[in-house]
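Can you read through this structure? Questions will come right after.
For reference, chains read A, B, C, D, E and F in written order, and residue numbers begin at 1 within each chain.
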Amino acid sequence: MIKGIIMVFIGVFVAPLLGGLIAGVDRRLTAWFQSRYGPPVWQPFFDVIKLFGKERMVVNRWLVFCAHVYITAAMLSVVLFFLQSDLLLILFVQAVGAIFLVIGALSTTSPYSQLGANRELIQILTYEPLIILAFVGIYLVTGSFRISEILVQTKPLLVSLPLLYIALCYALTIKLRKSPFDFSTSHHAHQELVKGFLTEYSGPYLALVEIGHWYEVVLILGLCSLFWATSWIGIIALVGVTYFCEILIDNVTARLTWRWMLGYVWPMGLAMGFVNLIWLHGR
Amino acid sequence: MLNTILFVLILGPFIAGALCFIIRSGHVRSFIVLAMGCLIATASIILFIKGPFSHTPPPLLGIPTHFLVLWGDDLLLFVMLYFAFKHGHLFTKILIIFQIVCLDYFELFMVDHTENFPLFFADNLSLIMVLIISIVGSLICVFAIPYMNKHEEHQGLKKSRQPKFFAFLVVIIGAMNGLVLSNNIIFMYMFFEITTLGSFMLISHDQNETAINNAVRALWMNCVAGAAFIIAMIWAYVIQGTVDAQKLIQAGHMGGIMLTPLALLCFAAMVKAAQIPFQSWLLGAMVAPTPTSALLHSSTMVKAGVYIALRFAPGYAGTFLSQSLAVSGAFAFLATSAMAIRESNGKKVLAYSTIGNLGLIFACAGINTPEAITAGILLIIFHAFSKALLFLCVGDIEQHIGSRDIEVMRGLYARMPRTTLIAVLGIVTMMLPPFGVLLSKWMAIEAASKHLFVILPLAVGSAMMVVYWARWAGILLSAPHGLKVEPEKQGLLTRFPLLVLVWGAVVLSLCAPLVYSKLVVPILSAPSFSIRAGIFENPTGTFLFYPVMLILALGFIYAVYAAKKARKARLSGPYLCGAQTTDPESFEGPMKKPVAVLSGAIYFESIFGNQKLTVWVNIFGGMLLALLVGGSL
Amino acid sequence: MKEVISTTKGTVVSKTVDMKKDGYRFVTMSCVELDADTVDILYHFDRDLHLKHLRLTIQKKEAVPSVSLVYFAAFLVENEIQDQFGIRFDGLVLDYERTLYLEKEAPDAPYCRISVSRDVKSGED
Amino acid sequence: MDILKKLTRKSRIKSPWLLHFDCGSCNGCDIEVLACLTPVYDIERFGIINVGNPKHADLLLVTGTVNHRNKKVLVNLAEQMPEPKIVVALGSCGLSGGVFREAYNVIGGVDKIIPVDVYVPGCPPKPEAIIDGVVTGLEKFSKKKDG
Amino acid sequence: MFDMTPNILRNFFHKSSTRLYPKETRQAFGNARGELYNEIEACIFCRTCARKCPSQCITVDTKEATWQCDPFVCVYCGVCVENCPKKCLHQKNDYRKPVTDKEIIFMKGETKKKKCEGDPQET
Amino acid sequence: MARTIIPFGPQHQVFPEPIHLKLVLEDEIVKEVVPALGYVHRGLEMLADVRDFHQMIQICERVCGICSTIHAQCYCQGIEELMGIEIPDRARFLRVIWAEIHRVQSHLLWLGLFADAFGFESLFMQCWKIREKIMDINEATGGNRVNPSINIIGGVKRDMNPDMAQWVLTQLDLVEKEVNHLEKVLLNDYTVKKRTVGKGVLTREKAMELGAVGPTLRGSGVEQDIRQIGYAAYGELAHRPVVGIDGDAYSRNRVRFLETLQAIALVREAVSKLPAGDISVKVKGKPEGEVVTRVEQPRGELMYYIKGNGGKNLDRLRIRTPTFANIPPLLSMLPGIELADVPVIVLSIDPCISCTER
């Protein structure tokens, strides 16, 4: 019970701090890759606190509603993760947030927000099957969708699920909105949709979305960590290397289009996942 | 008591239909429909409380029941034949004549009418079906009363065709009740055919060219199902010498001998449920007035198909048939989701989603584990409510704005906030946790995890499903900023069914653990989940139903509060690159002309859009069906 | 400016067509105010880095036939001249109706100035 | 509460998001603004990001002369920025119209249309000057009321 | 694919090319054209600078012996400096600092007594 | 199909300058595009009325901040032609040096912005990082990072002593080395190719017909470069226009990339051939008559039409900038492409709106 409470506490409070820190490190590393100096690592926290202090300005009250639902769902999914719950359930709860974020953006009459939201839906469309396949792979190895079952494994999942891990990394890149998949909204400026589906979220509501994003980052990196959950060193190494590669890829690719994503990532990711599943079946 | 209830449930609607047809007064008709609705809803609840039974009612008016069935069937088939001749459709004629010949031969020369077995049998599955059919069906009928008045107003008809419409609307309900309660498969077949005729009449209601074409298409496709059914029936009788459905199921596939009739039954069921490549009849049914589509999609007709598949599921467990049923169901789920994603016609989206969900139920029946069957049954329940609700909403919206196009529904919240909110809630119950549909989808995915060719389409299809639902919900909610929203007027007979359905969808979802443990568990060979404090659990996974629901509900409430509080926030127009004019929703375009911004969703025209996709999907679906039937020969 | 061919309103379009046939690239048009009533419109063409010009002298009030149907590229500069000099072009493929650059608040046809005011200014210092 | 307020103030200074609007400049100032974002000057050190969306921005950098057409755009953009915000005018043109003061389609400096908080002279101002200007602007933040 | 990687990694393993401006100020180039100032004692108020200035930012009153420059209009082209007959106009190597209020450089000079008002040279 | 109508600009992230496009989209495919200009229009040609022809140099420099030197050069060249002034050889070479340095600057700027248009942020950063060296050269030699302001009528204002020239060359060596590192990225990278190859195709015939100039024209395979006329000292320097074949965004990208290297080589050659002597001649008299003069700007052919009346104010100064000529081809490229490619294609002509609208 006490362990559960601690886990909930970690999920609610520590996770966003971690997510913010990751975002800060990300920005710092990106700057280094670009031969820049970069902002301090706690910059994301300044951003969010500043946003909370800004004037409330809305286009539409649905936006406010949706931002709150988003952060609730994002938080809940992380809590469920730390409670070592069912993977599919976590995904579905996470999807509640993602979908409400999109619905909020769609509820405005702003064309950029609308286009961004549509693109975000395409991103959801692309990453969700990949994540589900990864979970199915985990199930085939452990015999359960529960995270608690994964943690009792003695062999890292990565050994039996290498291709699915790559597929999951695709999903991770899409979810983090890193280049080449940063087309629904972008961390960098100079995007054809300005800020995509985040265009109309402003001030405190943008801050909520930002925190929600941190939760999601923690969640998805947590999912990655499951692939080497047998030791702490494994977790840190795997997540570290994965995230480093994400930043690297972000910096060595151009932004591509959603048509390309559907035509390339989908077949590639699904095929890799499928091959991996067949191979598990064959064992 | 049981006799009376059965009479009310099965023959009541027929009588009400006949009355509707004969008495041409609008008020009396409304009264009859309302009264019938109340009656069968009550009767179904009483029947439900009484619990499972097997029963043979005394012969009606002293005539042996099998005579009644024979006459009824022949009458039915000849009526259908008349329509086939009227519309000059050769294939239908052949099919119907084939059915008449087979049926008469079978009934007159083959069947031993002295065989003693209960004519009616109900376990929890049947009872659930009866509940859904009676309650959801009645609500749809009630909704149809004001709807049809307005519909005819729009059409400017001189002579009302409502009597016939309502007659068949209620008859279908009776037939469905009969179908799910029958234990004699000849009965089943008869009710099966009544729904065919009923749907034909309802689809052709508007009597214009498309309506008739689509109705004829529905007729011939369903006749294919009927023909398959009758062959299966005869074949099964030849092998087992009984028309008792329970005996047939218990006998199982008998080492593969019984597999072909079962496959044919499944085939009939899949055609009835408009699975690929027979989806076009259900899509064509969209031309009919909305209550028709609502009825066909949510509680009756197509549900007859999945009911049969689920009913006979124990019979083919663990066979190749089961596997291929799962695969073709999953494929239908994937393909219809892909087709729905490029549709901007609201009713078509609903239709594709129906077919997809039915495909999912078939997949569950095919997987044939307790978990999967649970998922299938729960899906039937939750899907019926949400889908009926959505159809009625779309119907209401269509009558207000004159279009069923999703793009035209942009900004609907500003015009019809009530209906919009109900529709959005309906959509949310269709796709998001912790509502029932998603709960059953979770069960389905967990159950399908071992089946590679099932899980892949399920994974991709459910993602696509999310896309088109979310897109629609967002579009419905989009509203110009700063507009005061006035709730629109809704007639009592419109609002009542909507409210009952929306509450039904939500409350039923809330009670999902109860529904599961009280209704579903008794049907299963072994309980698939253990429930503790609202947590579904089995070795495969855990669904923290109530905890998740509680926290999400709290989040929702807080979000509503925050949105209310945001009333004080400054309103600002959307970002238009700084080019907005005094109207925040339009920008100053070239030549200084104000241009209103217009947003259209992405419909993937270049990816899912071409007709080729449909052709390939049909070919592949057809191949899967051929595999299903052929593989069991 | 070596090769300058004079044209009239009637022949300017046909001469432009000839230029196009000869493989000339349309460079641009220049409009110069000559006096209070007349302006010169110069059409500049280029072939292999060799310039050729057409000169059309017209009254400000007159409408000029547009060459934008011959050279699509001319539509922009013709719109510009419409804005700046208030000269009308007939048959523009995309007519901005004198709103290409200028708003209502801006002076009308700013490039048409009265020569007197200019002399005053230049004589000032 | 006081700590929260202080923290908000501090964050405001630490994270000014920038919206750059070219209001009819000759590109000289624009490219210097862009140069500020690039490695050699890298104003992301100060937490500045070019957001390009008035709804997210705290700092409006305006370059160039105001003319009759873009003044509306300028007003629209300033209006869509949530408070507290700072307007920084860059370059001679943005300050007064510069060499183009007397051209017929030029209204003059940015301050004729919207209130300007910081003036950064130069034609174009060097990136260093722009950084100075932004820093001067940030000092104004502490004087502004909460949004 | 990923042809940018060597560049990126090179950047990663080298010092960043950022000039940490407010902390470290780089020496301006010798003949950069910066802020304009007038050695008013040498000025003869000949108005050459005012005449030559392309942006007309200098106003000179010969009678009152005032020299006035609007630094917010000046485009730092250096034409005045080049044309000054007494070579009393100079440009610093750097720009004026940003300010929050507009101001004008106003200088009054007389042959004997000079007075500077609002002289911002020292900023 | 659902239509979307969006305003693209005037304030839009992707464009550094205000231009407005009304885009009509279906499924993010551009169906219709109408541009609106006038957000940067200042009317500076009219300033010839109130400024004398010497002061106009500074104004011409500020037609566009990215190619200011070349604008001034073209203007001076025109006035010199009108007045019959022969400028010293050294001045001719110095003009070439500064013009080519400016071209490197402008192309690097463009390569960066182009990279940014397809979302390659680190490439953008890299290009602009390299570009800073050129800005330093400008500041050190001309006195300002953006407007070196070295052209005057009759020659150039500042000389370049051998030390300085050597420093410039060493800086350029560094630039060249770094630019070479980018070659593979710009011309070979999978993602870059995905975003540029086949996008915004302008055939050779179409390019000629629509009056495209500069790299846009050369990208379509037309070997035309005003430098071939041999103005300033270009007649004495070896160069051949860089030409592309396909006429797509990739081809234009390649042309500009190779031109960057070519410009560096030209500077080197010009420095090596730099003759001794004066840098300017005294100018007497006032311009009279009319002249059309052209130079090659980084964006293409720049044309000045100057008409003098013997007074100190010009009668008419007309500037036809390359982007002005490239807008009609751009409009023909836009319909039928994806929204995501709009910035790529718009930037592939290297638009300079402040040039266009003046």
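The rule is simple: a residue touches a chain if its C-beta (ideal position, glycine included) is under 8 Å from a C-beta of that chain, and two chains touch if they have at least 3 such contacts.
What you see is a predicted model; the values in this text were computed from it and never measured.
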Chain pair with the most C-beta contacts: A-B
Distance-to-centre winner among chains (Cα means, whole assembly as reference): A
Chain whose mean Cα position lies farthest from subunit D: B
Distance from subunit C to subunit A - Cα centre to Cα centre, in angstrom: 58
Separation of mean Cα positions, subunit B and subunit A [Å, integer]: 36
Intercentroid distance (Cα basis), subunit C paired with subunit B, Å: 70
Centre-of-Cα separation between subunit D and subunit A, whole angstrom: 33
Of all residues in subunit A, the ones touching two or more other chains: 31, 33-38, 55-57, 111-112, 114-115, 189-190, 194, 199-200, 251-253, 259
Where subunit D touches two or more other chains at once, by residue number: 21, 38-40, 42, 45, 50, 52-55, 67, 69, 73, 77, 80, 82, 98-99, 102, 104-105, 123, 126
Subunit F: positions in contact with at least two other chains: 4-7, 10-13, 28, 34, 38, 41, 43, 46, 50, 58-59, 62, 120, 122-126, 129, 132, 144, 147, 189, 191
Subunit D partner contacts - residues on subunit C that touch it in the complex: 101-107, 110
Residues of subunit B defined as touching subunit F within the complex: 344, 407, 576-579, 587-591, 595-606
For the subunit B and subunit A complex, residues of the former touching the latter: 411, 413, 431-433, 438, 442, 445-446, 449-450, 452, 455-456, 458-460, 462-464, 466-467, 470-471, 473-475, 477-481, 539-544, 548, 551-552, 554-556, 558-560, 562-564, 566-577, 585, 597-599, 601-602, 606-607
Subunit B-facing residues of subunit C, complex: 96-97, 99, 103
Touching residues on subunit F, where the partner in the complex is subunit C: 34, 37-38, 41, 43, 45-46, 49-50, 208-211, 224, 226, 228-229, 290-292, 294, 301, 303, 305, 307, 311-313, 315-316, 318, 320, 324-325, 327-329, 332, 357
